[in-house]
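Here subunit A shows up in two complexes: once beside subunit B, once beside subunit C.
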Partner chain A sequence: MNLSFKGKLSLNRRQRTILEIGAALGFIMAIIIGRFMLDEGSIGTNLSERNLPPSFEHFFGTDWLGRDMFARTIMGLSLSMGVGLAGAVSSAAIALVLGLAAATLGKTADTIISWLIDLFLSVPHLVTLILISFALGGGFKGIVFGIALTHWPSLARVIRAEVMQVRSADYVHISRKMGKPRTWIAIHHIIPHLIPQFLIGFLLMFPHAILHEAAVTFLGLGLSPHEPAIGIILSESMKYLSSGLWWLAFFPGLSLLLVVRSFDAVGERLRVLMDPART
Partner chain B sequence: MARAKNLGRFLLWRSIRAFTLLAGISIISFLLVKNSPIDPIQAYIGADMLNVGPEQREKIAQHWGLDDPVFKQYVNWASSLLGGDLGTSMIYREPVAEVIKEKFSHSIVLMLTAWVLSGVIGFTMGVVAAMNKDTAIDRIIKWYCYTLASTPAFWMGLLMVMVFAVWLGWFPVGLGVPAGILSDDVTFIDKVKHLVLPAITLSIVGVANIALHTRQKMIDVLASDYILFARARGERGFILFWRHGLRNVALPAISLQFAAFSELFGGAVLTEQVFSYPGLGQATVEAGLRGDVPLLLGLVLFSALFVFTGNLIADLIYYVVDPRTREGRTYES
Partner chain C sequence: MQLDAKNIGFRYGKSPWLFKGINFSMQPGEVVGLKGPSGTGKTTLCRILAGYEKPLEGKVTLGGKALPEIGYHPVQMVFQHPEKAVNPRWKMGKTLKEGGRPDDDLLARLGIQQEWLERLPNELSGGELQRFCVARALGPGTRFLIADEMTTMLDAITQAQIWHAVLHLAEKRKMGILVVSHDAKLMNRLCDRVIEL
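Let's turn to the complex of A and B:
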């Protein structure tokens, strides 16, 4: 893939992956450490410093209440990552259970679960998220449930296909013929194949969960306006765009993009490493 | 003859499946909104709360059948649904079907423009990247696509507003038509001006998927024997692509584009919100925020129908054009 790129930067795929994981981890650490160094005071209002453009004192500028946008962004990102993590973990758990059930519990279970997968894929994610947020009255609970219930289908499909493939592999047949018990086969043959797929599926789900959280919050159906969430920051910034306060929207959105992009890159690299046939 | 029969069976099978899925969606979403902590009567009355006494509330509840068991309520709703009656929207005080029809006529212009634009641009990008695999162009396109895939659609919209509407002043900041002008005086040019930014935003976001997919397919095609032979005959560049590449990659790309109706709809919700464009997406958000249950349910079903249509067309294209998929349903993944 990067054959022609040799020369100045001759890193192979593994080294590049490690580099990217390092960068992504650096991001998380910076945000978490930043989160702990900040408190409510650092996003306190300061009316003498309203609407300042970015400077060395305020990296991302200040808003119409004199709040430091950098601090707000860091807090928003950590909140978004928390929500994204909770949503992605629950979604991956649903995917694992249903994927396994579809592959192992016989034809009826498979039909029902495939139907369920189609069901959740046939309404646009954002509409489902709005519906679930509405049903649960918005807030943290609504958004985590919404993400958990919308993101599992594709991973469930991957798990189902993987289990079915491994189960029909020759060595599993031989193992069965040799009289190994089912649990032994599951632990020694199927799970080792499943774990990497599952982890990568989870890693690729995580950034999407963050994006969807930000989107629903932006629409006003997610976290409450009092929380320092990225979606709230961006939707508030809309009112001030026409007055030229571009930094209110630009930097928080860019930070969100960077976080999502770096997680996505790590997941994508790991996937390619696992499955080199697909580039 | 046999082919027409097969096609008929295929369509019948798909319609049955679509029907069961729609039924499932209607049950689940009905149960979900019933579970909502937002009181439908409260949402209906809104600001007139003080003028409505408990007796009147009782009457509204009775009129709507809110005291009936949930199952009976669902049956009532579903049977009028089958008769084409989606109920009355609380926000717009109009039948839901009318609201959806009116909003969709705005949204379809936006979505169609963005759909065609993103399809053409994405396809071109994918082909260019694949034809120049591993060069700087390829890497730039790939990097760009992966970055786009991580970009929040609404942030992209905000950037567009900042640059093209506020700084350069080329386009209006939002809304579907100029504010404060009678609807008869709105010219076609006005409408186009208000459409450009949302449509560009929506198509920029939609490019990534189709470009990466086309690139992969084109790389596969370029590795085939007939391309090797064509190259040996001296065909290069655009001629090579025109004669041997286009038809092989166009089909999966078109089909993918139809299957992407779901993302298109989701993108439209966000874009319409940023630009205050009066379409379906905005109606969905409004319905969710203000507790307009009949409209929300109608929109969920409508969006599902929209996605089904896309998927069905995608499958049909494959089915009719590519004979290999007719033998068993093997392309499912």
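Let's turn to the complex of A and C:
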């Protein structure tokens, strides 16, 4: 998302960053609000309007059953975001618990957790994700568990490193000698140091989760076919691409890309805003 | 209450002994200099006295009793690098109050301005930060102050200002000071006696 402004409108980096975050958030909000203005009726089949190309009546065209692709895309995206949210929240929670445990519970815990992190990082996400969601029988539950159990390692490692770094900082040792109890130090010194890292790690996990959800669903191992998920839409439309119905895959795919990029942009920009020294 | 170090020995990991059998004691109100070439363990000895490291041999006592593990440590140390000794996310006012509220007279003598309290550490210079570290270490519970190259990075005027404030307070409270420095002239000005490591 590299918007450039030329001519009269000149903004500094901070203003541009905030503008970009605003645009990305606006886009995401539009999809969430759009979802509530649609119901099952708006993706009902209408056999008299099959295979229509994009028009003002149907922005993204209609499919082989006459369903409005625009409505299906919006519903699919909001479903994907729901899955992404559930997956990213649980994954971030796992990362927080394991990262803190590794940094504070002594050497054995650290060795075990670091080994676990390396183990998960050494296998491609998608493979573990497919395995887990297949083992749990697919569907919403399978996908969310799969995402939660596969996306935590890199954030856990960041949290572990951050805690270890701040724990050995001079000012924390001094705080101990000033007579501050450990809980006070955790609340006043360590947690404020972690929050930005954690929030940004969480935000950047989001687009990953959405993309992986779509990928697994596309492969037929995720959400069930009657749900209007982006992965389902894309895999169904594959059959019709050769008959020239390009809009079935093009618009949903483009929207998915935009949503993922928006989340990514928000996370990246916030990281730059919060931690300008480490760009 | 006198500060005693009896038969102190220390080494890092399995490396050779940094020092062994160190004995020395300090009276309240006494200003003692500690000198020695680089790498002879001056800073490590300071860290042991201030409770940041545990001696592998011997012990440090204050008035005959072992130093407390928790709670305010009566032997406070001022580090050489103030920018590492303050939380970069805290306003200086909060950092200053960490060891209890220091008295306004001390702040004035150290030249700490009221407006600095609302600033973040990266908005102050090294010398300004060091004043805060000194003020913080001089909480009401401090019996001995360990000044490990406390003013090495400061100009002569600031050095004089800080040492005047510290010595004034030490006299008032009968507080002992251990001065570690490479500056022989400074040591001669400040110290009642100088020991070599």
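We take it that the second predicted complex is superposed on the first by the 266 of 279 C-alpha atoms of A that agree within 3 Å, B and C clash if a C-alpha of one lies under 4 Å from a C-alpha of the other, contacts with A are read in each partner's own complex, and residues count from 1 in each chain.
Going forward, a contact is a pair of C-beta atoms (placed from the backbone, for glycine too) under 8 Å apart; a residue touches a chain by one contact, two chains touch by 3 or more.
This is a predicted model, so every value here is computed, not measured.
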item	value
Contacts of A:M274 with subunit B and subunit C, given as first, second, both or neither	neither
When both partners are placed on the shared chain, which of subunit B and subunit C touches more of subunit A	B
Touched partner set for A:H189, first subunit B, second subunit C, both or neither	second
Partner chain in contact with A:I33 - subunit B first, subunit C second, else both or neither	neither
Which of subunit B and subunit C A:A169 touches, first, second, both or neither	second
Touched partner set for A:M178, first subunit B, second subunit C, both or neither	second
Subunit B and subunit C contact sites that coincide on subunit A, given as residue numbers	none
Touching residues on subunit B, where the partner in the complex is subunit A	17, 20-21, 24-25, 28-29, 32-33, 35-38, 134-135, 139, 146-147, 149-155, 158-159, 161-162, 166, 173, 216, 219, 262-263, 265-266, 269-270, 273-274, 284-285, 288-289, 291, 296, 299-300, 303-304, 307-308, 311, 333
Interface residues, subunit C side, partner subunit A - complex	50-52, 70-73, 76-77, 79, 81, 84-87, 89, 95, 98-100, 136, 139, 141
In the complex with subunit B, residue positions of subunit A that touch it	1-5, 115, 118-119, 121-128, 130-137, 157, 161, 207, 211, 214-215, 218-221, 234, 237-238, 241-242, 244, 246, 249-250, 253, 256-257, 260-261, 264-265, 268, 278-279
Subunit A residues within the subunit C interface of the complex	169-171, 173-175, 177-181, 189, 192-193
